[in-house]
Every structure is written in C-alpha cells, then in structure tokens.
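One structure, pasted below without further comment.
For clarity, chains are labelled A, B, C and D in written order, and residue numbers in each chain start from 1.
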Amino acid sequence: MAGSSFGTIFKINTWGESHGKALGVVVDGCPAGLSLDEEDIQRYLDRRKPGTGSMTTPRKEDDKVEILSGVFEGRTTGTPISLVIRNTSQISGDYGEIAGYYRPGHADYTFDAKYGFRDYRGGGRSSGRETAGRVAAGAIACKILEQLGIRIAAYTRSIGPVEISMDNFNLETRLHTPSAMPDTSADKKAAAYLENARQNTDSAGGCMECIIEGVPAGIGDPVFEKLDANLSKAVMSIGAVKAVEIGDGSLVAARLGSENNDSFCIQNGVIKKCTNHAGGILGGISDGDTIVVRAFVKPTPSIFRSQRTVDKNGRSIEVQIKGRHDPVIVPRAVVVMECMTAITVLDAMMINMSARMDSLIDFYKK
Amino acid sequence: MAGSSFGTIFKINTWGESHGKALGVVVDGCPAGLSLDEEDIQRYLDRRKPGTGSMTTPRKEDDKVEILSGVFEGRTTGTPISLVIRNTSQISGDYGEIAGYYRPGHADYTFDAKYGFRDYRGGGRSSGRETAGRVAAGAIACKILEQLGIRIAAYTRSIGPVEISMDNFNLETRLHTPSAMPDTSADKKAAAYLENARQNTDSAGGCMECIIEGVPAGIGDPVFEKLDANLSKAVMSIGAVKAVEIGDGSLVAARLGSENNDSFCIQNGVIKKCTNHAGGILGGISDGDTIVVRAFVKPTPSIFRSQRTVDKNGRSIEVQIKGRHDPVIVPRAVVVMECMTAITVLDAMMINMSARMDSLIDFYKK
Amino acid sequence: MAGSSFGTIFKINTWGESHGKALGVVVDGCPAGLSLDEEDIQRYLDRRKPGTGSMTTPRKEDDKVEILSGVFEGRTTGTPISLVIRNTSQISGDYGEIAGYYRPGHADYTFDAKYGFRDYRGGGRSSGRETAGRVAAGAIACKILEQLGIRIAAYTRSIGPVEISMDNFNLETRLHTPSAMPDTSADKKAAAYLENARQNTDSAGGCMECIIEGVPAGIGDPVFEKLDANLSKAVMSIGAVKAVEIGDGSLVAARLGSENNDSFCIQNGVIKKCTNHAGGILGGISDGDTIVVRAFVKPTPSIFRSQRTVDKNGRSIEVQIKGRHDPVIVPRAVVVMECMTAITVLDAMMINMSARMDSLIDFYKK
Amino acid sequence: MAGSSFGTIFKINTWGESHGKALGVVVDGCPAGLSLDEEDIQRYLDRRKPGTGSMTTPRKEDDKVEILSGVFEGRTTGTPISLVIRNTSQISGDYGEIAGYYRPGHADYTFDAKYGFRDYRGGGRSSGRETAGRVAAGAIACKILEQLGIRIAAYTRSIGPVEISMDNFNLETRLHTPSAMPDTSADKKAAAYLENARQNTDSAGGCMECIIEGVPAGIGDPVFEKLDANLSKAVMSIGAVKAVEIGDGSLVAARLGSENNDSFCIQNGVIKKCTNHAGGILGGISDGDTIVVRAFVKPTPSIFRSQRTVDKNGRSIEVQIKGRHDPVIVPRAVVVMECMTAITVLDAMMINMSARMDSLIDFYKK
C-alpha cells in the first residue's frame, strides 16, 4: 500500500532508496506564513550525517537539501513543500553480491517475500538513509513547534551497557557528543565500548529518549488517535526500533497503584501533576506535563564477521558482509526520533483546533 | 478529530460511554461470504466480562451483542456490520461526586482540558468499557484469520511480581484461569498477590503478550505502515498500556549484533530464521515466523484509599474513590489485545493483496 | 473497502439495509459543547419521510431516531454520536422473487458481481433507505453551520419537464410542497405530471439544487481536496444522481471568457464578485459568495410494468416489479443533498482552521 | 490541509508551482514488477504540452520527466516512485503586477483569503501546470490498466459551439488533432472558432469525455466510495471543470423511467445491458459496460482585454492581463482527465481484491 505517508493534516510523504539518484519528502499541510529556508532544514540533516571516529560509517554523504516548491519569498505558502537530497556517494559495487542472499537481521528476505524482488543496493528503501526525508520534514515541524513555545529534544540514553547519569545530564551536550548522549562522561565510555565491539567485528544497540516540553493539556484524541498511540507508531516505524515506552514505561507493570498514580496539585495557581510517571499523557491526551517517549534500538545487523544464512535459491551459505556501516544506530537515529515526535505532536495540535464549538465560533464569527 | 476509527480496508468505528445507553462498533470492509452469527462474537465478549473472585469488579454487565446490519442469511454481505451492546448495569449514582474533581491516573483532567467538560459517569468514553466495541469487531477479524490458517492468542505474562513460567506454559489454560495466565501455578500466586493488594486498598499492573502464528512472509508495508508500527499503535491505544515490545523488545538494546541477529536456515525445504529475536518482523514486514507482541499495563488507577488531588476549581482536596473497579486490568485486557492485533494483521493482509503486478494480473485476467 | 465513511475531521459512518433490523450512523469528530437532542435530528428525518399523495411510496416508516452516545446533559461531548433508527415497516415478502433476477436500473447485478450474493430485500444496502443515516448525521452538521451563520437549503428545481420559475421562488415553500419545490405553481404542475406517469406505470427524474450562504472566503484546499471536488463526490454518492454542477455548470462550456468571468467589485467596503457564474468557488476555494450546487437525478428505476431482464442463471425473462416505490426520487432526496453538502462544508471549515501560522499562534499562545 | 494527495492504495502526491523550480509527484502503492521507464511517462506529458497554432499558449516547456526512485533495473519495486519535472521557461517578469490585484475567474483572491498571501507568479499552485504531476502519475496507472486489458481514452467533445459528430468519430484521431477531437472536420471548425475568439481578445470553453472499456463488473464500493462519486471528485478537481456527468448525465432528469432503464440481456452467453444510459455504473459499482464520464470546462479566464476588478487594497481598477495563455483549456486538459480517471479506476480495482472471503482464501491458502 501507500505506506510512505504519515500524518493527517500535517502530512509527509517520503521517497527514495539508499543508492538511487536521490531521496526526499513532500510536506503537505504546512501552515502558510512560516519563514523557512534550506538552512533551517540543513541543520537537522547535519545532525543525521555520519560523524567521525568509531561511532559512524565511513560513507560520507553531503545530504544537501533543496527546496523545490511551497516556499515563496522566504515564507511557506500553504502548498506542498518538496525537498530533495541527491545521493552523491553511493558505491553500488559494494552490494552486488548481496543481491543473491539474505543478510541476517535485514529486510532483504521480507522485501523479496513481499515484492518478488528488491533494490538490493545498500538495502534500498529499507536502508537507514530512508530517514533523511523524515528529518527534512521534521525540521519544519520542529520550527513550527518552537514558535508555539514547545521544546523537543531527543538524545541517547544508553549504548550497550553504558547509560547516561542524571548527575551529568546537560541537554545541549547531546548536540556535540559523537554518541548524542547529554553526558560527556558516558559518551566517552560509550566510545570505548564501541571501539571494542568494532574490533571484535561486532555491533551494539541502545536506547534513545525524547522529551517534549510546553505541549498544552488537551492534545490527542480518544480511543485510536491517542497521542501515545500515534507516538508509538511514529517511533516504532523507525528501522531497528523494537520497543517503545511512554513515561515510566514497562516499569509500571510491577508497581502498585498507590505508587504509580500521579496526584494532582496546584503550582502557581495552575493544575499540575505532582509527579510524572505517566509521561505527560493521560487517557491518550496530553496533560500539560513533559511528554517522555523512549525507544529501544537493536544492534546494527551488518557485522563484519562470518555469518550463516541462505541464498535466494534456498542453499545454506556462510557470508561476510562488506560495505560501510555504523557500529551502532542510535546516535544518528536520535534526530529521527526527535523529528517523528515533532510531526506527531504538531499534527495532533492542528487537529485539536476544532475540538470545541466555542473554538469554531471564535474562529469564524469574530 | 474522528479518533474512533481504526484500519484502512478492514475498518472499525467504535462508540459509546461507560454509563450511556449502549456501546457498539461498526465494522466496515469485512469481506462478503463469511459465516457469522451473534454467538461468534459473544464468545469473545464473554472473555472480556468480569469474572468472579478477587480479580474483577463486582459490576456485572451481560454484554449481550446484537447484529443490526451486514449479515444476511447467516453470511456477511460486504456491507457494514453494526454491533450494539446495551448497558444494563450502570449505577451512575456512584459517580456523581467525581464530576467535580480529577481522579489521579485517570483521564478526567485531560478530557476537561480538551473538551471543556466531560461525561464523568464511570469515566465516560475513557472507561475500559469502551473496549467492548473493539472486542466485538475483533471477534470477526479473528474468525477470518482462523479461516486463513492463522492462530492468534494473547495471555497474561505477569501480574505485579508474579510471572508465568515457560515450564508450565499451556496456551489453552489462559481461557480458564481468572488471571488469563497460561500457567495454573502462576495464576494461583497472582490471585494471592491481588488479594493482598486489595486488602491494602491497592491495585496491581502487569504484562500481556500476544503471539500470532501462520502469518505468511510479506505482510506489512515499508516505512510508516510497517506491521510492527501499526501493532504498536493498536496496542498502545488500549487504555493503561504504557509500553509495547516486538520480539525481544527492550532487551535488544544491551545486546551485541552477533547475539541478536537471527540467522536464516532451511527447514523442510523452506527458508526460516534459526532463532526469533526479531519477533517475526524484519523491516516492518512479516518474515513467516511467529509474531510476538508484548504490552505493559499500569496498575488500575482507581484505588479505595484516600488520595490527594484537585477539584475543577483548582482547590487541593483529599478524595476516596468509590465505584466498582478491577484490582488489575490485565486479565480482562488480554482479549482486547488479541482483538486489536487480529484487526491489524488482517487489515495488513488485505492491503498486501495488490502489492505485485502478477497478483493483479492473476486476479483480473484469469 | 470501508466505503461507508465520509469526512476527515467531521466524519460519518453509516450502516444498515432497507429491510434489516435498523439503520444508523456514527458521527465522529463533532465538536464538544453543541446543544443537541433527538428532536434536532428528527426534524430532518421527517423531511426525508414519504409524504402523502402521488409523489411518494405507500411504505410508511416512523424513522424515529435514538441517540445512543456522545451527548451528555444535552450537549455533545466530542466523542462519537451513535444514532439508530429501527426499521418497523419492512415487508420482505414483497422481495422474495427478486432474489433470482436483476431489476433494470438497480444495483442487483453489480452487488452480485462484486460480492457473490446480496441482501435482496428492498435493495439491501443500495436502497434509498441507506440515506437515513446521512440525514441524521447531516442534521448535526446543519445545526453547527447555523451557529456559524451559514444558511444551507436544497430544493427541487425540476421534475420531468416541469421547472420552477424564479418569479415564484420562495425558499421556505420547499418545506411544505410535496415536490420540495420552492414554487407552489410548479409544484402543482409536477403533481399532475407525476400522476400521469404513475397511471402509465412509469416514473420521472428531476433536478435538485442546493445553495449555501455565509461561507467565508478561503474554505477548501487546493488540488484534490477542492471544495467543489468534495461537493461533487458528496452529491454523486447519493443513489440515482448522474450529474453534478457547480455555479453555472455545463452552460459555461459554450460561453466566451468575457461572458463567463465574474469581475470583482467593492460592496459596502468588502471585496465581492459582481456576478456569480462561478457558484461561489474559485480554484476549489470558497470566494465568499453563495455556493450553488446542482444534481440531476434519474427516474425511479422501479416501474410497475413488464420489463425484459435476465435471471441470475443467465436466462432472459420478463418481470413485473412489485413493492412500494416513489414515482420520483427527487422530493425526498433534497434533504439528503442538503445534508451531504452541510457535512462537506463543515468538514472543510474545520480543516481550514490550521491553514495559517498566525491562526496556530493565536490559538495556542493567547 | 494536505490536499495534494489522491487515492487510497494507489496514492499520488503532487507538488509544485507554475514558476517554481520544478513540479512533480510521488506515486506510492504502485505494484511491484511493472516494467517502467521515463519514456512511458514522457509520452503522456507530451500530450499535455502546448501544441502549435491558435489553440495553445506560446509558453514552451520541455516537461522532461526524471524518475528519482522506485524503479530498479527497469521495473517498479513497490516503493514510492518520485517523478520530477524542472521548470525551464518561466518568465516571472510577466506576473509582477498581478501580485497586487485579483484577476477575474482566477484563484488569486481565494488563495489570499485562505493563506494571507500567495505565490502570484503564473498562478502558483492554482496554475494549470499543477496537472503535470497528475499526468506523470496517471501515465503509470494507464500502463497498469493496459496490462489488465482496460482501454481508457479521453477526448474533446466540444469547443464553444463546435461539437464532434459520431459520424466522423475516430478515437485515434484525438492524438493528432490540435483540439484533441476525434473528428478532423470538427477540429477544423474549432480552430476557426478559436482563431476568431483570439482576435476578439476572448477565450472559449468546452466539453471533454472519457470512456473506459474492459473494466470488469464489481469495481467501486457502496455508499461513499462509489466509483462514480470518486470519478466525479477526480474530474471536478481539475481546474476550470464546472460540471461532471456519468453516462447520459443531466439528460436523465427529463426522462421517464421506461426510457432510461437499461434492460439486461444475454450476449455470447454473458450478462450485458442492452443499452448504456447508465454509463457503465449501477449503484456506484461498475456493471461491465463501457464507463462514460463527461466534464464541462469554463473558458480560459485570462483574456487579453481590459477587465474590471479590485486590487488587494480594495480599490476598483481596470486591468489588462499579460502573459502566455491557452485560448481554450480543453485540448490540453483531455490527457489530465484520462489520467485522473485511470488513477481512480485502478485504485478501486486494487481495493476490490479483498471484497470476498473466497478471494482472501484463494490468495493466502493456495
């Protein structure tokens, strides 16, 4: 089906393969009048780009974005914004041999099962490069949210066994550490851990977290369009994510009600929750508190040691994967999570505007 | 927004409040020619009904379903199936006083924030009773999947600290234990744990798991309509769920790639994964293996002890919740998870039918 | 597919067959806080009910609507409104024999071709009775539009060769004439024409028109969600409609540009069009002028004379249709057109609220 | 809203302005395995290009399409196909002055009313150039339909008062006449009529018709997703279309039932309609006969004579439009109608594949 669209009012449609000519996204439903240029988007794409050192792939793509439509004299016009990123560094030769067999942990087999064949070069559409379009679109959502007073930030919480410590937590730091951890000390440990994994021709997984501050109470719709349900879909749709949590997540299962309930109290004359086990969402609707989402990411499936698998003729074989791969996905996926979360929250906020008769009357009869 | 619909081709639209006249669902897009009667649906609704003993609420609803349309001479006609369940046991008097304040852990506050007021009786639309419509619809999806050779089963994995043991695992058992655990020994321990919680005017959370066997490889669509992304949304949309996992879930974050990759091998001439850390989904598409989904459920927020909160005029108060409430949500939510999962998988299978040119040609030119 | 839903934010889902137990609709996305009771809806359903005399079927249904959810203490809550109308006067015996053959001009053959069989009683889901759900939902949309200062009215423009005259035009009159014509003189001629058709065991077609006043400029979205495109779909989806026009409709094809262009001018300090050939929509977006939609309806296919057709075993036969049928569809379809138009316009207005950055900022930062 | 998408399974998302850098479309949900290259698409775009002589604008765009994704080794992969057409001949200077006023018959005013400002160059997104994306996408739909044995063809039926004659009708001819008429004699008369209009600084409207042969009975879904309802939306969404008809269209309104009903009969052992007043659709579902759709197009609003209008400061002015404009829209819109119709029919056929239980069982259990 048409699985490459996301959102109802603020809707994105990504396209492109790892080793095709280009990747991109069409953002439809962006409100008119937002000041926007390529630099606003490039800043986010640069966070997704491979860095240097042990944490990232040696493939270097410029990921230079071009705005082809929807912006006029520096402002969005309300019509679709088409964003294109040309691929410049693809080396398809690396992938010739994987055409014939199924890499463990990859989508090679399932794409063949579904479509009968696949663009095998670099994983085609199932490559992590697919997320470039999400990030380009998300940069726009983030800019809009910022103007609505909403702050959104994702970061690495753990890589392998190395977790960040709240004692060292500094949100800005995540933009500068190779691991995207908001803790320089943990970042160094993560680097050592990854260097070791790489030397063992192995790879690592990790956890990323996104916090959203300033979302007013009342966002999200009951039953199936709950804000947490849509956030889960948004985040689980990022390749390699295998678990999603809201607030205290899986920990709640072992708690007593008296421990887990967040009491309401009054702070500065405003109704607040005294604690935030719920992660800012009650009954699928934002409660005004910080929204907390967490995602658990599997280790990069491409590892440079011999693995058993089968070829497409059904013969057991040993393979040795080549190519350029990140030893851990998390540091580059953090901005993808931030962007998917932003798109989800913004769309819910736009939908929410007609939830009450008095809002309609205010809007149309003033 | 219109948040009460789910699905693209097999689409459900639920409606109804805890203490309104009735609840129900419209199932649109059900294939024509399925043999269906009320008994097929009642069987699932009965699994959702409160049981006896310490695990469930004393509120007793018959939950008797009536088919109002879409079935003719015992078979579905392809047109919408309207299912209605009359409420018979609502005692609104229990809820009069909660109109004025916000119960901790409930959606009272967020509904007021969104809509300006709410149907406070029994939680209104945010009540667990809302899931009756999901189960009625899911019973139909389950019957269709069965005819396609797919077996789907959800069960309780843990309640508070009590977990099932794989040594005692018997899937059928889940239909008979009050806890919906597939392990009679764990079930007894869970009952004791809950009895203790209840005596302490407290409540418990837990974990539920759903396994789906027989789904062919190739189901789910890349990027945003990934099977795991839609399963996450489906399951996270169930009230009180705070975390969702696919396959080994959050455990993958601490693993090495060499531990987590599932090798492919040949079994009986067919391509299989040798292990199933992935939980039956690779790149968002089913791989032919058992699909494993897990959900973590918070403790019932209604506890019968004094709690601090605020009233809608912004005054701090102490409240003592009354009414009839389950001490744990999981045993009755298990069938809801089974149903939401069934609807998601069936919809993805229907969408998948046009994924290839040769399928279209076979269908229309044979 | 799930073809029984319409709308994006204000979304309706109808269900029910002509001779089933009941018909109904779920209205999801209705703004909270609208005062609503069954009488508001009944008033519209009564306009759809068969009248007396030569223009309508002798089948008499009470069409008594019941609100099952979504309204609390006299106001909508923002959650789905479920409306049910029980069938009370179905006489299935009339239809036993049509199970085996295909009535000319009806959907018997196409339902069989699609689904393999059909609920043949009274046309099942393809009966005009299906529109009861649309009208029940549309009554709510109309009430909301009224509160936004929008007046919407559909009426009969012609029946067979009998057309209304603008000289006699009185909008209120349409609510009292059996033909739904806003012209008592034409109404009488139409009655005579229909009486004659009936005596000849024949039936008539006609044209209906809907005008919407007070829609602000700016409603509708470019390209595929144009207001006129959605109005066309809404109106063409009413059974028996074979043509739809906006403004001057098909007449424009033979005009010169200089005749057809509407100049802009200033009236009372406001920008207006000096003429309204465009019917209130330019580039798919409302221009502030009266919106004009027209629909052409085929003659009732059920006529009480012998007709040639085939049975489902592929044999040529002569048939004589029985049952109770309107000699013309238009007078009862007029309120259906009014309702579908109202739903379309309201949905577009709700969607439009987030079209500009300054609207978002006003809404969320005030 | 996100108004630039169309379709459910076969979904297109167009983007681009008349005088922006480029225009394009993302086609998502195209079945895998279709042989496709740029030439397949270029052939359709070339039919949309301005021709020579009196019927078309002097603006000459190459409209050279580039496939950026979704095709691998000459076949579609099932992933989104991104198509881009660079603008090369835009002369924005022509449009500087229209920034400040509202051209009669154009969407300038409504875009400003909706969005607060607009990309005024060449009409921006409301330009006829927007349809390039539709045609590029439609070329793919047409190629798929061809492989399913379906023939689809649109042509000009009339320009101003000049109508084609069935005596001269030759479908292939439409591809060679400047008017896109399937009648060389009418084509010459139309050319003379247009030359005269042009000399009078005026423009003309017309009627276009699309016929679709080979669609099996059973396509389209009851109630709101009727095939004729979706065709109406598809065709009415083309700029300048003001009326849509199915089959005999508005003529049916004045007929008797006995004249309008199509009897069924047996031809070569197959059930057929003896006549086709219905235009191949009964109850919103295809009946196996030729589908006939007609669209009435207003005269080009840009005429080169003085017109009264207002500027955006609300002052009455006289304007003289410059730029390059077709004297009639129809000849170039014919291929757009063909493409929109193809997309609609194909999408309905893909959706139809899961309408029956036996289809699901055949597909998944064979």
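In this text, a residue touches a chain if its C-beta (ideal position, glycine included) is under 8 Å from a C-beta of that chain, and two chains touch if they have at least 3 such contacts.
Because the structure is predicted, anything quoted here is derived from the model rather than measured.
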| item | value |
| --- | --- |
| Chain pair with the higher count of C-beta pairs in contact (A-D, C-D) | C-D |
| Equivalent interface to B-C, taken from A-D, B-D or A-C so that over half of the residue contact pairs match | A-D |
| Centre-to-centre distance between chain D and chain B (centres being mean Cα positions), rounded to whole Å | 44 |
| Length of the line joining the C-alpha centres of chain C and chain D, rounded to whole Å | 26 |
| Interchain centroid distance [CA atoms averaged], chain A/chain D, Å | 38 |
| In chain B, residues with contacts to at least two other chains | 1-5, 8-9, 14, 29, 32-33, 78-79, 114-116, 125, 216, 222, 351, 354-356, 358 |
| Of chain A, residues touching chain B in the complex | 1-6, 8, 14, 102, 104-107, 109-111, 113-116, 125-126, 130, 158, 160-161, 197, 200, 202-207, 216-226, 228-237, 239, 242-250, 252-266, 269-271, 274, 278-279, 281-288, 296-303, 305, 307-310, 314-316, 351-352, 354-356, 358 |
| In the complex, chain B residues that touch chain C | 1-5, 7-11, 13-17, 20-24, 26, 28-29, 32-33, 66-70, 72, 75, 77-82, 84, 114-119, 124-125 |
| Touching residues on chain D, where the partner in the complex is chain B | 8-9, 29, 31-34, 76, 78-79, 144, 147-149, 216, 222, 349-351, 353-361, 363-365 |
